[in-house]
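Got some structures for you, see below.
One chain, subunit A, appears in both complexes that follow, with subunit B as partner in the first and subunit C in the second.
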Partner chain A sequence: MRSSRTMTLPVTTSTSGGLPWRHILLAALGVLVVAFAFSANGYVVTVIGFAAIYALFCTGLNFFMGFTGQASFGQNAFAALGGYGSAILTADYGFEPAIALILTMAFSGVVALVVGYPTLRLRGHYLAMATFALGLITYEISINWTDVTQGYMGYSGIPPLGIGPYYADTPKQQLAVILILLALGVLAAAALKNSRFGRACRAIAGSELAAGALGIPVARYKLVSFVIAALYASAAGSLFAHFVGFISPEVFGTAMVVQSFTMLYLGGIGTIAGPLIGAVVVSLLPELMRGLKDYQTIGYLVILLGILIYAPKGVAGLLDRLLPKREG
Partner chain B sequence: MIDVVQLAQNLINGVGLGLIYGLIGIGFCVIYNASGIVNFGQGVFVMLGGMICATFLAHAGLPIWLAALVTVPVVALIGVAMEVAIVRPMWKRGASIFAIILATLACQMLIEQVTLLGLGDQPRTFDSFTPGGPLMVGGVALPYQFFWVLGCGALMVAGLWAFFTRTRSGRALRACSQNAEAAALLGVPVRRMMMLSFALSAGLGAVAGILITPSQITAYNIGTPFGVNGFIAAIIGGFGSAAGAVTGGILLGVFQALAIALLGASFKNVAALSVLLVVLLVFPQGILAQIKTLRSSRR
Partner chain C sequence: MTTPLLEIRDLSARYGHVEALKPTSLTVAEGELVTILGPNGAGKSTLLRAVTRLTPGPGAILFKGRDVSALPTHKLSELGIILVQEGRGLFGDMSVRENLVLGAYNAGGDTAEIAARMEKVFSLFPRLKERLDQKAALMSGGEQQMLAIGRAMMAGPKLLMLDEPSLGLAPRVAGEILETLGELNRQGLGILLVEQKAPLALRLARRVYVLSLGRIVAELPSHEIKSHHDLARYYLH
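Presenting the complex of A and B:
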């Protein structure tokens, strides 16, 4: 296929040497959101919980897309693996939720390795469509393999999160567990971003040829980055299953792809804070647009298109412009 | 044992559906060749063709030929609007291809939502273009609509061939696909060509939607499977000629029909998507192009 367009995504190449009050501002906002969630009623807890789960999902996707400069339109496949894996292991076989979470993550990682090995040789539109197909295949299977997934009916009776005798019974306890896991995930991503591996990934995003010439094993690093994204997606899927107690094929459909991309682009792709900002804003948007009723989804899509056209670097990009970093 | 008559019936259905995929596939190629963009929202034009035509038939009481004649330009205009409002501004700002792909996907969902609000979530259909039938040949039923699909499909391919080789606009479009910069230097209005390619592509999708609706149903959310299958058809054909896309579509339709016969209807999309992955991974140039290079290398 002819490739006249640039294949790389906008990547912020700066390391974390910014002004401290930038971080303080973001941290304060985060604390505010969390405090609000814990002081508010059950519904807000649910919304923030979803936002945190999506933030985890997007943090993984951001590693593959923002840092490594690839694209996966099928990460929902791994979220579905995580969700259904956890649901089946805990509800049918009585596994501990924590152990089921880790087992399904391992399984998703292996699947990502096997599937990614041939797929990641593709570039541009082919990569986009091949990964999109992965998501669609998983969706079709989750509908049609009714013996295992119960099809459209969905899977219910999934126990809440917990390990051993400790169970997160109330939504607020669940939210606390999710937030802790999210914090771990974000810290891991931040550490990876500036590690030798992370810097190599960003070099790949800049130019695969140049990265290869510098001795970076491009294919292997792309694959590892894909597996990392799949691990995050799988964990997010598992958490969703436990948080809601019910999953159905629609949960992990194409809408999930578009929603997570909206979060990434709105928050700012290629930054650590971007997925978090995006997940919170996009999760709260429908709540702010309740008055629009039927037009809610339309308003949401219009906002996405507006951002893609007019602010492709998202909120994090705007912050960069408003609060410029000190040079040197 | 698989019933031979049943198998033949499946194959006939597969050819008809495959031709539709081919028409959608041509739509992908036309836009891609003019702009280097793959429009992931291509399937929405198929949905619009069926839905708008059904609305004209049911509410305005138009005869089918008039409804179709009105529907196609309307959908083509929607395609132009998509190009002007979304693709062009992003193109001008040098957005990454993945962002443009996402935008076309979001645009599809937007149009689906608007259709859902405007026309409701009820599936629709309308009668075959000619009443009566089917024609029975040795136990295999050939619905009259099948001949309409064959005829219109052939007409479209022939018309496109004439357009691309005989008319100024068609040649200009081909020039853009070869080298947009050189074409611009030679005075080809590249931007207008991009608009034209979206109009043409949307119109093709609408024709496909109108042709297929009598034998299936249409609803606001049928776009994605048609779009993906059309893309697969284009991929098999190597993303080049109209004939390649149609051949790819028929191959895909037949394969899907066999998959239905062997695995049952519920896994036909999984089968088609697996074909996509295999073709992408094994023949990244498209099967037809691969065969051609093999032949020429043997000579």
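Presenting the complex of A and C:
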């Protein structure tokens, strides 16, 4: 019997450290964005609310793709499960939104476990294609199973977030709840990343063979990482449904995959801050460029390309380069 | 007769239609250092991968007399069968410290125990202590090999298997590393060593197996290799 399974890093003669300038800068930017949202009108609240929901989605995706080094083009399937699950449970069966969110997360986790077990035996492009098919299948189901999903008509009448007598009635209250859940999600991801399990996942990302040789149960951990990403995606889907009050199949379509990948790579895959930065930049940039009118899309794409060319590890990677850890 | 530390019986492995390792049997006694020699493509690496089930195949693997053939890689690692792969298999983006901690992944133990293991590794390879926060990818080849062996030692191995640890290293560094392996063996650690630098490896080993085209073609005490002119010509010059 082993004495303990906790494995914190022993400190012997560490020389790294210094002022966490990156953390201070990112926290200041975060506070600015939040302050801007709460002082602005309804539209800005909605845009930043979407950014926060996407940030949660991408934080989960980042765990599977960034930390564990796997490919998934189908996490939108779990967002759809979350969205439709919450919608049906609250609007049709009268569940409390918070309870519905938790139940759909649990359901999505079980689905991820069942689907991931055979799928994650695939690698590389084959895994990417299989997960992409998962997203497409879910999309088709959401269109064609009209008795449950109401197809293209979409699902309306979804109540706002809340539990018992406490409901987030205004968009700003809803945004506050979403931001709190996002903060919890990010803290959980950071704790997981630095845990024994998280280090094992990063080892799998480095080399599955080497990780296996060290005794890391590669297949099992890939599956757990996939389930974690599904839980985040499901929560994001549920939050979207409650935030907007309406969902339709397009919300969780292929565009969601493209959008989340853009956020992940632009923000910095494999970092905790990356999904947050990516979600904010990709959500706000088009809005900030509305003044360009017909050239808005071109300007937006030029900036995205510029970031990806000059900061191939994303904005978080660029910050690492500009504000490295102080040695001493 | 004492039970061998490792005994394999008719172990084979294939990649698709190619049988890279034909039914092979060998033993490693407790505290013994055994070397496997053979030209490129002889099946040496496949043999080590088959033993650790990274490349599973039919045949029996007995560890301290217990049949472990059906166990997956991570369970074998828990028993103390540890492989240092060719190319070292380090996690380049992680620091030396993180690589070492991952080595103890299956060995359990609290922070103090892991720190104590690290100190033992530093006593073998003091240079690792100086590079503790350096990314593994930024180290020299010799330091990387030290880290790979140090990481394997963090797992508390009962049988350490190494696939060409001197590959790509300067002769002096390779010599240092093989001397350290000799020291570990003198402390009682069983070692199965695949090595191209035969003169060095043969100096450490008690017995040698020669592998060719996926099968063992000779098994002999290492000092006898000089008397086999064909083997001596091939491996000692």
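One rule holds for everything that comes next: the second predicted complex is superposed on the first by the 286 of 328 C-alpha atoms of A that agree within 3 Å, B and C clash if a C-alpha of one lies under 4 Å from a C-alpha of the other, contacts with A are read in each partner's own complex, and residues count from 1 in each chain.
The definition used in the following text is that a contact is a pair of C-beta atoms (placed from the backbone, for glycine too) under 8 Å apart; a residue touches a chain by one contact, two chains touch by 3 or more.
Note that this is a predicted model, so its numbers are computed, not measured.
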Identify which of subunit B and subunit C touches the larger number of residues of subunit A.
B
Can A:R202 be said to touch subunit B (first), subunit C (second), both, or neither?
second
Check the residue A:G124 against both partner chains and state whether it touches subunit B (first), subunit C (second), both, or neither.
first
Does the superposition put A:G94 against subunit B (first), subunit C (second), both, or neither?
neither
First, second, both or neither for A:P165, with subunit B first and subunit C second
neither
Quick check for you: in the superposed arrangement, does A:G291 touch first (subunit B), second (subunit C), both or neither?
neither
Common interface residues of subunit A with subunit B and subunit C?
2-10
Quick one: in the complex, what on subunit C touches subunit A?
52, 54, 72-78, 82-83, 85, 89-94, 97-98, 101-115, 118-119, 129, 132-133, 151, 155
In their complex, what parts of subunit B are in touch with subunit A?
32, 36-38, 40, 86, 89-90, 93-103, 105-107, 109-110, 113-114, 117, 180, 224, 228, 231, 235, 239, 266-267, 269-270, 273-274, 276-277, 280-281, 284
As the complex stands, subunit A meets subunit B at residues 1-10, 65, 71, 73, 118-119, 121-122, 124-126, 128-130, 132-134, 136-137, 140-141, 143-144, 254-255, 257-258, 261-262, 265, 294-295, 297-298, 301-302, 304-305, 308-309, 312
What residues of subunit A sit close enough to touch subunit C in their complex?
2-10, 12-16, 196, 199-200, 202-203, 206-207, 209-210, 212-218
